[in-house]
Amino acid sequence: MNFSGLIQDFGPLTITGLAQGAIIALFALGYTLVYGVLRLINFAHSEVFLLGSYACLIVWGFFGLDQNSATPNVFSVIGLLLLGLMAAIVISGLTALGVELVAYRPLRRRNAPPLAFLITAIGASLFISETVGVITKRNIKAVPPLIRPADVFVIGNMHVTNLQILIIVLALVMMFVLDRFINRSRLGRGIRAVAQNPDSAALMGVNKSRVIALVFLLGGLMAGIAAVMYDLKIGVTRFDAGFLLGIEAFTAAVLGGIGNLRGALLGGLLLGVLQNYAASLFGTQWLHAASFVLLVLILLVRPTGLLGESLGRARA
Amino acid sequence: MSDVKVDKPAAVPADKKNWRSSGGVRGWFGRQHWAVRTVLIIVFAVLAYLLPYAGDIPVLGPQIITEGIDWPSALFNMSYYVLLALGLNVVVGFAGLLDLGYVGFFAVGAYTVALLTSPDSILKTEWGWLAAVPVALAVAMVSGLILGWPTLRLRGDYLAIVTLGFAEIIRIFATSSETLRGDRGFADIPHPPGSYSDGKPIFGVADATPYYWLGLSVIILVILGVRNLDRSRVGRSWLAIREDEEAAEIMGVRTIKYKLWAFAIGAFIGGLGGVMFAGQQGFMNSQTFILQFSILVLAGVVMGGSGNIFGAILGGALISYIPDRLRGIEDPIFHTDLFGFRFAIFGAIIILIMIFRPQGLIPSRRRAMELKDREKEVAPQ
Amino acid sequence: MSEPHVETPQQADEANAHRSDVAGGTSAPGPAERSSDVLLEVDHVTLRFGGVVALNDVSFSLRKGEIFGLIGPNGAGKTTCFNAMTGVYRPTSGTISFNGESIVGKKKHEITRGGIARTFQNVRLFPEMTALENVMVGADAHHKTSVVGALFRLPRHWQEERSGREKALELLRFVGIVHRAGEVSRNLSYGEQRRLEIARALATNPTLLCLDEPAAGFNPAEKEELLALIRKIRDTGVTVLLIEHDMRLVMGVTDRIVVLEFGKKIAEGTPAEVRDNPKVIAAYLGVPTDAA
C-alpha cells in the first residue's frame, strides 16, 4: 500500500475523481429514477449509456472528425458539442424507452414476479452490448479531440482543466434541473405520486404507464449526457464500456440511497473520489474491484444508503 | 426433447386436450409401471452415451453434428454447460436465489486444479488431476459458503447484484494477481488418469469422446443427487423459502441454513464443471471466466424451465450446442463467425422466453401454475 | 415441550368425545381453574416503531391448557403483541418468557421448535405446495434429516418421510380436509386454507397455538365449526391463544380474555367480567374512557 503517494497526490486524485464521479452521478440517476418508481434494477441502463456514447461519435463522424483531426475552432466545438449531446440524448432516451416497452411492459401486464424483470433486464443488456460488439468487431473506437485539456487554474500540484470544469458544472446543472422538474412540475408530481403509492396514484387519475415511460426517458437523457462527457474524458469507447461503468453507477446510486436523486449525486462524486484513492493505494488494476467491494460493504452494512431511499420523500 | 417420444397423440388431434390435462409426457411417464420406467430411462441413457456417433445416422446425422468444432468436443462442452445449469438450477430454481456470479465457482474449481497440478503454478505441487479434484470441489463449496454467509440476508435483487460483484472481483483478481497469472494462464494441466491396454492414455488430446462419457457419467450422478434432495425435507424447505421466506421460518424452517446449503451445493456442482473443464483443456487463463458466461448459464436455466431438472439439462445443452453448431458459419452482413453472435442471440432469447413462455421449455409443474395465477391477479386498469 | 400432551388427533378425538360427555360441551369450568401453571408470560412489554408506541407496558400471562383471548378494536396492537410473542418483533423493553425461559432475541425457528406455533391473519400458505406438503413442512420442524441424509437416502430420511406423511395426513383428517391432501394449496377454498394453516401449525407439535383472527371472512356457520375445532385442539392439551376483534366469537370459547386498546391493556378476566367492564364497553362503542 502506497500511503505517501496518496497523500502527495491528494489534490490531483480528488479533482480527477470528482470529474469521473460527476459522470457516474449522471449515469446513476437512471438507476435511481427507475428504482424509485418501479423498485426495479434496470440492468439494461448500462446499454442506454453505451448507445449514447456511440451516437455522438457517429454524428461527429458525419462532420469528418476522427481521432486524428485537429481541434476545431471554439464555435465549431460548441456547435459540435451541442449536436453530439443532442444525438446522445435522443438515442439514449429512445433506447431507454424501447427497453421499457419491449422488455418490461409485457411483464408488468402479466404481473410477473420481481426477479423476472431482472432476468429480462439482463437479457436486454446482453443483447444490446453484444450486438454492438459484433458490429464493431469488439474494437475500441477513439474519440476526436474536441476539447484539448488545458489547465484553467493550478493549486499546488492540483491542475484543474477546462474539461473537468465542464463535466462537473454540466452535471451539477443537470442535477439541479432534474431536481426542480421532479419537485416542482406537474409531471414531476405524477412521478412522485407513483413512486409513493402506485395504486392510489392510478386511482387519482395519474397515468401510470405514462409516468413510467417518462421516468425511463429522463434516465435515458441523463445517461446520454453522461455518455458524451465520458467520451470526451476517456477518449475511447467500446462495446462493454457501459457494463463496468454501469456497475459503478449502480454502486453510486446505492451508496447515496437508491431512489433518492440527491443521493445519486452525492454517491457518484464520493465513489469517483474513493475509487481514485483506492487506485492510488493499491494500484490502478484494483480501481474497479474497489467499487465492487464498496458496493458489497454498503449493502451489508447500510442497504438504504447514506441519504435513505426515497424519491417521493414520504417513505421512511 | 422429451416430446419427441410422443408420437401417437400428435396424430390424433382429438386426444390433444386430454393429453394435456392428464399431465402430458410427465403424467404419462408417471403412470407407467416402474419396470417400464426403468427400461425407458436406461434406453435414454444409452442413447445419450451413443451421441458421439450421431454423425453416422443417415441423412439426419450431418445436420445434427457441428462443423466448426469436432463433434465430441462440442458434446463435452455441452456436458459441462449442463453441469453448470444443473448447479445454478439448485440455487435459482429450487431456492429462488438469483445468483449472477455463478461462473465464479466454475473459476474457483478450475483454478484450484490449475494451481495444484500445473508446472506454471507457484505451488509447484504438480499433483495428478484426480488428486486435485476433491480439493478443488471442497474449495468451491467453501467459497460458496463464504459468498453466501454475509449476503443471504439481503433482498433478492440486491443479492443478485452482490453475487455479480463477487464474480467480477474474482475475475479482476484472476487478471491482476501474480499468483493466478492473468492472461498468461496455466499450461500443462494434466488430463484425467487411465490408459488402454496398449498403453495409450484414455483421456488424450485428439479425441474428446472419453471426456464426454466422463462428463455424462458425472451428470447422471449429479441428477440422482439433486433429485434426491429435491424430493426430501431439503427440497421442501427450499420451496418453502422460495414461496414465503418469513412464513417458512415461522414454521420452523432454518432458512439461512438451507439457503447456505443451496449455495454450497450449487458451488460444488459449478466447481465440478470447472474441474472437468480444466482436465480437458489442459490450459486456462483469466479470459475464460467472463461475466457473460454466468448470464449465459442463467439463460439456459430460464430457457429450459427454472426449477425443473430436465429443463435445466435441456437449457444447458442448448446454450452450448446452438453456438457450437453456428461456429464456422459466416453471417452475410458483418462477415463474422456466427459463433460471435452467441451472447447477443441468448440475450434476445432471454427476453423472448420471459415474455412469451416464462415457465421455460420444460416448465416445473409448480412454476407454471404460479405464473398463471399471477396473471389472473393483475388489477384491471 | 415438557408438557405431556396427546400426540395423535385420533386420541384427541376420543379425549374430546369423552370430555364433551362430562362437561356437556360448555366451557363453564375452564381448565384455567384446574391448573394455574403459567405457560407464557408477557411482562411489562413496550414496543415502539419510531415515535409510535404500538404496545405500552403490557403484562399478562397464559396458563397451561386454557383458551385465551386477546381482543381489542382494530389497531389496538393485538397483532403487534402476537408478533412479539412469536419472535417477529423484538420488544423495546420488557420480557416475554415461555415455559419459564425468555424468548426475546430468539430466532423464529427456535421459538417454533420450542413449542409456539401460529397462523396468519391473511393466510400465508406455500401456495404451490400440496396441502399435504404444507403440513409436512410443519412436521419437518422436529426432523433431523438434512442434506447428507436426503442425498444418500439414509434410513432416517425414509423413516422421517413416512412418519411426517402419516402425521400430516392425520392432522388433515383432524381439521377435516384430508380429502384435499393432494391438492395444491392455492386451489383450496378460503375456509379450507384457514384449516390447512391450523394443521400446518399443529404439525410443529406446539404447546401453544396462536391463531390470528382465524374467523376473518367466515359466515356464522363456519365460525361455529371453527369454534368447535378450537375446542377440539384445546382438548388435545394444546393451549390456544386467540386473537379476534369479534367479541361475540371470543366470548363463546375463551376461558380468559385480555383487552387491548391503543397498545394498552384495559381489562383482563373471564368473558363475563370483561363483558361488563365499562372501559371495554366504551372502547367498543367508541365512548371516551374518561366519560365512561
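For clarity, chains are labelled A, B and C in written order, and residue numbers in each chain start from 1.
The rule is short, and it goes like this: a residue touches a chain if its C-beta (ideal position, glycine included) is under 8 Å from a C-beta of that chain, and two chains touch if they have at least 3 such contacts.
All figures in this text were calculated on a predicted structure; none of them were measured in a lab.
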*Counting one step for each move to a touching chain, how far apart are chain A and chain C?*
2
*asked:* Based on mean C-alpha positions, I'd like to know which chain lies farthest from chain C.
replied: A
*Does A-B or B-C have more contacting C-beta pairs?*
A-B
_Can you tell me which chain is nearest the middle of the complex, judged by mean CA position?_
B
*Hey, how far is the Cα centre of chain A from the one of chain C, in Å?*
52
*Between chain A and chain B, tell me the centre distance in angstrom, where each centre is the average of that chain's C-alpha atoms.*
34
*asked:* Using mean CA coordinates as chain centres, what's the gap between chain B and chain C in Å?
replied: 44
*Contacts with two or more other chains, residues of chain B listed in rising order*: 370
_Under the definition above, what is the set of chain A residues touching chain B in their complex?_
40-41, 102-103, 106-107, 109-116, 118-120, 122-128, 130-131, 133-135, 137, 199, 202, 208, 243, 247, 250, 283, 285-286, 288-289, 292-293, 295-296, 299-300, 303
*Sites on chain B touched by chain A in the complex*: 96, 98, 100, 150-151, 153-158, 160-162, 164-166, 168-169, 172-173, 175-176, 291-292, 295, 298-299, 302, 334, 336, 340-341, 343-344, 346-351, 354-355, 358, 370-371, 374-375, 377-379, 381
_Give the list of chain B residues in touch with chain C in this complex._
225, 228-229, 232-237, 239-240, 243-244, 246-255, 261, 265, 366-367, 369-370, 373
*In the complex with chain B, residue positions of chain C that touch it*: 86-88, 107-109, 112-113, 117-118, 120, 124-129, 133, 136-138, 140-143, 145-147, 149-153, 157, 160-161, 164, 184, 186, 200-201, 204
